[in-house]
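Following this line, the structures themselves.
In the two complexes below, chain A is the common chain; its partner is chain B in one and chain C in the other.
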Partner chain A sequence: MNAPLSRNWDSLRQSRRRRLERAAGLGLGKAIPAERIIDLLEAVIQPGDRVCLEGNNQKQADFLAESLADCDPARINQLQMVQSVLALPSHVDLFERGLANRLDFSFSGPQGARLAKLVQEQRIEIGAIHTYLELFGRYFMDLTPNVALIAAQAADADGNLYLGPNTEDTPAIVEATAFKGGIVIAQVNERLDKLPRVDVPADWVDFTVLAPKPNYIEPLFTRDPAQITEVQVLMAMMAIKGIYAEYGVTRLNHGIGFDTAAIELLLPTYAADLGLKGKICTHWALNPHPTLIPAIESGFVESVHCFGSEVGMDAYISARSDVFFTGADGSMRSNRAFSQTAGLYACDMFIGSTLQMDLAGNSSTATLGRITGFGGAPNMGSDPHGRRHASPAWLKAGREAAGPNAIRGRKLVVQMVETFREHMAPVFVEELDAWKLQKMMGAELPPIMIYGDDVSHIVTEEGIANLLLCRSPEEREQAIRGVAGFTPVGMARDKAMVENLRDRGIIRRAEDLGIDPRQATRDLLAARSVKDLVRWSGGLYAPPSRFRNW
Partner chain B sequence: MIPSLASRHSWFEATARARLAGLLDPGSFAEILPPAESQPSPHLAMLDLPGAFDDGVVVCYGQLEKKPIFAIAQEGQFMGGAVGEIHGAKIVGLLRRAVQEKPAAVLFLIDSGGVRLHEANAGLIAISEIMRAVLDARAAGVPVIALVGGSCGAFGGMGIVAKLCSAIIISEEGRLALSGPEVIETVAGVEEFDAKDRALVWRVTGGKHRYLMGDCAELVEDDIPAFRTGVAKLLAGWQEAAPGLAQLRASQQVLENRLAAYATYRDGLQVWAALGIARPDSVPLLDRDSLVALKEGLPT
Partner chain C sequence: METLDFRFASKPVSRVADPALCGVVGSGNLEILIKTGSEPAACRVSIKTSARGFGDTWQAVLGSFAAGHAAGGTEIAINDMGATPAVVTLRLAQALAEYQGGAQ
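Moving on to the complex of A and B:
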C-alpha cells in the first residue's frame, strides 16, 4: 500500500496569509485610504473567489460595490458572487464587465429586468435564488465567502466596527467569512476614537475604508397613511375582527404593504374599541414601521425585534428602549438572521400581500421579464413543520386543520389582497406567471413565493376564506373563488358550493363578521398623514424629505 | 395615547355633505334644491363631461346650537369645487334669501379652485355675482362666515370671495390665496414658485400662515366638530360694525404695510422670522393650540 499523499490542512489560512502579504507589500495597512481601495481589492481578491458583497433591502456597501466593479477584469475575474440583494447598478456591472460570472442571491428588486437579460444572454450563471435565512445558512455550508465586503457605520483605530441601527446581515456574513480563512473589508461612514459600542471585534476585520459618502439606505418600510384607501381600511377591520381577535394573535410579523399598514393604524382605534388592547399584537418581529408608532404610543405593543432599521426612526427607537432591542449606547441593534428565526419559530402569524394567487393558494410576486426573488417573505410566510412550543393561536389553527386530536398546531399564514391590483390586473388567476417564467429561465421550479399549503387565510374586500377548514382541493378552490370578487376566477365560482362554505364559516363576508362596510372610513386611521405620525412620536420620528409636506 | 389624534373626523377628507352633517345640529339639515329638484350643468353636458346632480354645491337651511343658519358647501371632489353657472346661481340665490330672512349667519364651506373654466364667462359672471351677494348679505346685517379646510382650498375667485366674508375659520390643512400654486408655476416658471414643493405651498398659502398673518379669525384642528365649535364661538359674541370709509382706509394701510415689509420674501419661514418668531422652522410641526399660543405671544 502506498503511503497516503500528505495533505495540506491549512490551505485557507495560507491563502489568507499570502493575500494579506500582497496588501502589506503595497504599503496598505489596516485603514485604507479611499483612493487606494482598488489596489487593495486587486491585491486580496483572486480569480474564481467567492465574494460576498453586503447589501440587502436597506443597507448597501455601495462604495465597495462600485470599487469592485471598477477593478481590472484581467486581474479579477470568474468571481462567484454571493449576496442577499442585487440592487445597485454596480452589482450588475460586475457581470457586464466580466469580473464575475456566477451569482447566488435572494432578491434583485430594481435590477430584475437587467438580470433577466444577462441570464438570457448567458453572461451570468445563477446558482440559486434563496431566501435570506437560507442564504445565510449556506454561508456556513457550501457558499462560504473568501472575501466579504461589508458596510458599517464607524470604525475605531483598531478596526472594531459599530454597525449602527442597521446591523442587519453583517453579523452572519462576517462570522462565516472571518472564521473560515476569509478576508473581511468594511466600508465605514466615519472613523471614531471611541465607538458607541463594538458590534464586530477588530480581529474579525482585516481592512476598513472611509467611504466618500455614507452608505445608501433605502426607506423601504415607510408607508404614507395618506395613501391608505377605505377598501384597505375595510380589509383591516375584517382581519382584526375575524383573525387577530378570534385566534388571539399576540406574536406576529407584518408585510410591508399598505394593507398591513392599515391594520397597524387601526390598532389604537378600531381594535381598542373592540377591547383587544393587551390581547393581540403585543410581540413583533418587524422592521420599525413608522405606522406602528400610534400602536406603540397607545400601549398595544410590548416588544419589537427588527430585521433592520428604518430611515428616520432612530431617535424614536432609542427613546422607546423598553419596546425595541437597543444597546447600552442607546441605539438599536437589528439582526436579520435572528428576526427571521423569530418569524419562523416564535411567531404565530404572518400576514402580507402578493401580486398573484392561483386556485391552490400558491402566490408569487414574480412577473414576466424580471428575475426578482423574494427576500425573507417565503420564510416568514410559511408554517415550519418541525416541532415547536404550543400557543393558543397555533393550537386553534392546528385543530381547525386536523381536528380536535391534532398532534401539532399550525402557524397562521394570511394573504391579504384586493381582488384587483393596479391597472385592473386580477390578483386571482388560473395559472401564475411563475410557470411561464420558469420556462424562460430554464429553472427547476417555478418561482413561487408562498406555497398554497402553507396559507391558512385569504383576506380580500369580499371577505375572509379560512383554508384550514377546507376538507378537499375542491373546497379550497371554491373558498378562494368565493373571495375573488369580480375577477374572472371569482365569477367562475360554483354559487351553491360557495354558499355552503359560507354557511360553514369557511367564507365570511363583512356582514357575517358584524362589520358594516359603511363604517370603513379613513377616519378610523389613528394617523392619516406622515405628519400625524411625527406628532404621535412627540417629534422623535424624523421622516425623510420625500415623505414630508412641511 | 393622543386621543385627539385617534378620534378625529377629518374635515379635509370629508365630502361636502359629511361636513354639513357634522357641522349643523343633528336633524336640522334641510337641502334647498335637493337631488330630485336640482340639475346638472348644461355646459358640461355639451362638452360630454360628466355632471353632478347638485353641480358640486349643497345649499341648505339648518341650525347650529339652535340658531337658524343658512349654509353653502362646495364639493371639492367634483371638478375641484369649481364655480359654474348653476353652482354659482345656487350660492347667489341662498345669499339673496338670507338678506330677506336674516338667519343668524350664512356659513360658506369653501372648497374650490375658483372659476370652472369649462363654463368660461358664465363662471366668471357667477363669481362676481357671489361677491356682490356676500357684500349685500353683510350689509343687511347677516354675517357670512367662510370655513376653509378642504382639499382644494380657496383659490382664484373663491379666494377673493373668502376675503369678502365677515370672517374666516381655517384649519392647518386649509389654503387661501389668489392664484393657485400650479397657476403661478405655469405663468411665472418653476423658479418663481415650485408647486410640487408641498411644504412650500403650505408655508405660503396654508392655514397656519394665514392665521399668523391675521387673515383669519380662527385656526381650528382638521376636525369637523372643531369647525362646529369654532363657528359657535365666533357667533356667540358676534358684532360687526357697518363698513365705513375710515375702516376701509385702515384695512388698505395694513395691506400696504404688509407689502412693504414682506414683498421681497420667498417663503413663509422668512415672514415668520420677521414677525418675531424665534424658531420659524418649528412652526409647521406645532399643533393648533401651540400655534395659537405662539401668535398671542407675538409683538403686535
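Moving on to the complex of A and C:
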C-alpha cells in the first residue's frame, strides 16, 4: 500500500491566522479606525487573492471600495474580484490602477462603458458574466472569496452586525467567506451598544470600521409616474387583460422599467374594474417599488418578499408588516439569494423589458460599447425545469405549449417593449448587438439576457404574441414580426401568415381584446406623480429629493 | 421642419361629427386634428414634423391606419414633435374614436 502524501489540511486556516497576526502586529483590533483602513487592507489582503467587494443593486460598500482602490498596487495586485454589481467609479478604478486584473460579476449598469473600454484595452480579464444566483452558487464552489468587504447598517462592540432593510447579498457573501478560512471586513454606518437585531453573528466577522459617511444606496427601483406614457398605459391594459387575467397569475416578479410600473399603477383602477382583485398579483418577489403602493393600499397585494430595499420606503414597509417580511424589531429583512430563488421556482410569471430582441425571441440589454450584464433577469426570465409543483397559470401555459397531455407546466416569461426606443432605435432586430460584443470581449458566448425558447409572450403597442402556441420556428418568427410594428423587422412580415396567426389567437391586437384606445390615457393611472404615491402611502413614503418637485 | 402630404383609400367613416383634436405638441408627442374631408372613400393627411427623413415610416403607419380603420371622408392634420410610430398609431385611433363621437 502506498503511504498517503503528506500535506497540510488546514492551509486556509493557517493563512487566515497569519493575516490576522499581521493586523494585530500593527496594533489593529476588531474595531478599526477609519483612518487606518488602508493599513488593515494591506495587512490582510495578499496578491492574487479572490476579493468580494460588496456591491449590490442598491447598497454599496463604498468606503471600503474607495479605500481598496487607494491601496498601494506594489503591495496588493493581481486581485480577482468577485462581486454582484460594478456600480461605483472606484470599482473600475481597481483595474485602472493595477490592483486587480480579473472580474467575475453579474451587473455593471452605470460602469458598462468604462468596463467595455478596459476589456478592449486588455487591462481586465472577465471570467464570466453571471446571474446573481449563479455567482452566489460559485461563491460556494470555485469562486470562494479569500476576503469579503461588506456593508452593514450597524455593529455592536462584539462585532455583531445589523444589516437594516438592505440585507441584499450580505448573507451569501459572509457565509461563503467566513466558513472557508476567509476574512470578513464590514463598514458600518453606526456603532450601537445594542443592535435592533443581529443579522450576522460577531464570530463570522473579523473587523468592523465606522465609515465616515453612511454607505451609498441607489434608488434603482423608483419610477416617477409622471413619466409613464399613454402607449405604456395601453400596453399595460393589454398585458393585464390578455395575460394576467387569462392565466390567473397570482405569483410573479416585475422588471424595473416604466412598462411594468404602468401595470402596477393600473391594478387599483383598470384591473379592479375588470374584477381581478384577489385573482391576480397577490404574491410578489419584488423590490419595494413605490409604484406598488396604490395596489397594496387597495388590498390587491398579500405578500411581497424583497431582494433589497428602496430608498424612502422603510417607514412604509415597517407599517405594512403583514405584506413585507420584517423582523421583530419592525424593520424589513430582504435577501437577494432567497428572493431570486422565489423568483425562479415559486413565481408563475416574470415580465420585464429589454433593449433588443431577435427573430428567435432572444433578447439582450447588451449594446455596442457597453458591457452591462443582466443581474437577476435571466433567473426570473427562465422556465425552471426543476420545478415540480403545479398551479393553474403554470399548467395552462404548459398545456398551450405541449398539448393537453403535457407532463409539466411552463413559466410565463413575458417581454414587454415598445417597438422603438428613443431616437427611433428599433427593439426588434435581425441580429442582436450581443454577437458583435461577443467578438469584442473574446467571450465564449454572446451576452443574451433571456433565451428565446424561454419566452412565452411578447407585448408591444401593436399587440400580444403568444409564442407558446406557435408550432414551428417559422410561426414564431412571424408571430414576433407580427407585433414588431413599423420596425424594419415588422415591416418585413408575411402579412397572410400574420393574419392567420391572428385568426388563431396567437397574435392579438388591442381591439381583439376589447380594449378601447380612448381609455388608454394617464387618467387611468392610480398615481400620476411621486406626490400621489406619497399621498397613497399616508405620508409614510419619503421619496429621495431628486424625485421631489414640491 | 418637414411637410408631408398623403392620400389613402379608406372605407367611409361610420359617423360624422364635429372636428376632434387629440394630443399635444410636445417632445415625443404630436397633435392630431381630424375633420370632414371632400372625398368619402379617401383619407387625406398633412403632416408638419420636426423629424426629417421619416417619410417612408409615415407612409407605412398612416397606410396601416387607413387600411385597418374606416377613415374615408376625413382630413387629418398632424403637428409632430418626433413621436414614435407607437404614439402616432395610438393618437390616430383615439382621434378617430373622438371624431365619431363615441362610436367604435
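Assorted remarks:
In this text, the second predicted complex is superposed on the first by the 545 of 550 C-alpha atoms of A that agree within 3 Å, B and C clash if a C-alpha of one lies under 4 Å from a C-alpha of the other, contacts with A are read in each partner's own complex, and residues count from 1 in each chain.
One rule holds for everything that comes next: contacts are C-beta pairs under 8 Å (C-beta built on N, C-alpha and C of every residue); 3 or more make two chains touch, one makes a residue touch a chain.
Note that the structure is predicted; figures quoted are calculated from it, not measured.
In the three-chain model built by superposing on chain A, chain B fits alongside chain C with no clash.
Once the two complexes are laid over each other on the shared chain, residue contacts for A:135 go to neither chain B nor chain C.
Once the two complexes are laid over each other on the shared chain, residue contacts for A:359 go to neither chain B nor chain C. Touch criterion met: A:486 reaches chain C, while chain B stays clear of it. In the superposed pair of complexes, A:293 makes contact with neither chain B nor chain C. Angle at the C-alpha centre of chain A formed with the centres of chain B and chain C, after superposition on chain A: 40°, rounded to the nearest 10. Residue contacts after overlaying the shared chain place A:28 against neither chain B nor chain C.
After overlaying the two complexes on the shared chain, residue contacts for A:518 are found with chain C alone; chain B is out of touch. Of the two partner chains, chain C is the only one touched by A:418; chain B is not. Of all C-alpha pairs linking chain B and chain C after the chain A fit, the shortest spans 5 Å. Judged by the document's definition of touching, no chain A residue lies at the interface with chain B and also at the interface with chain C. Looking at the complex, you find that chain A touches chain B at residues 268-269, 272, 294, 297-299, 522-523, 526-528, 531-532, 534-536, 539, 548-550. Those residues of chain B whose C-beta lies close enough to touch chain A in the complex are 1-2, 5-10, 13, 198-199, 202-203, 284-285, 287. Within the complex formed with chain A, the residues of chain C that make contact are 28, 51, 54, 57, 60-61, 64, 84-87, 89-90, 93-94, 97-98, 104.
Per the touch definition, chain A reaches chain C in the complex via residues 229-231, 234, 418-420, 424, 460-462, 485-486, 491, 516-518, 520.
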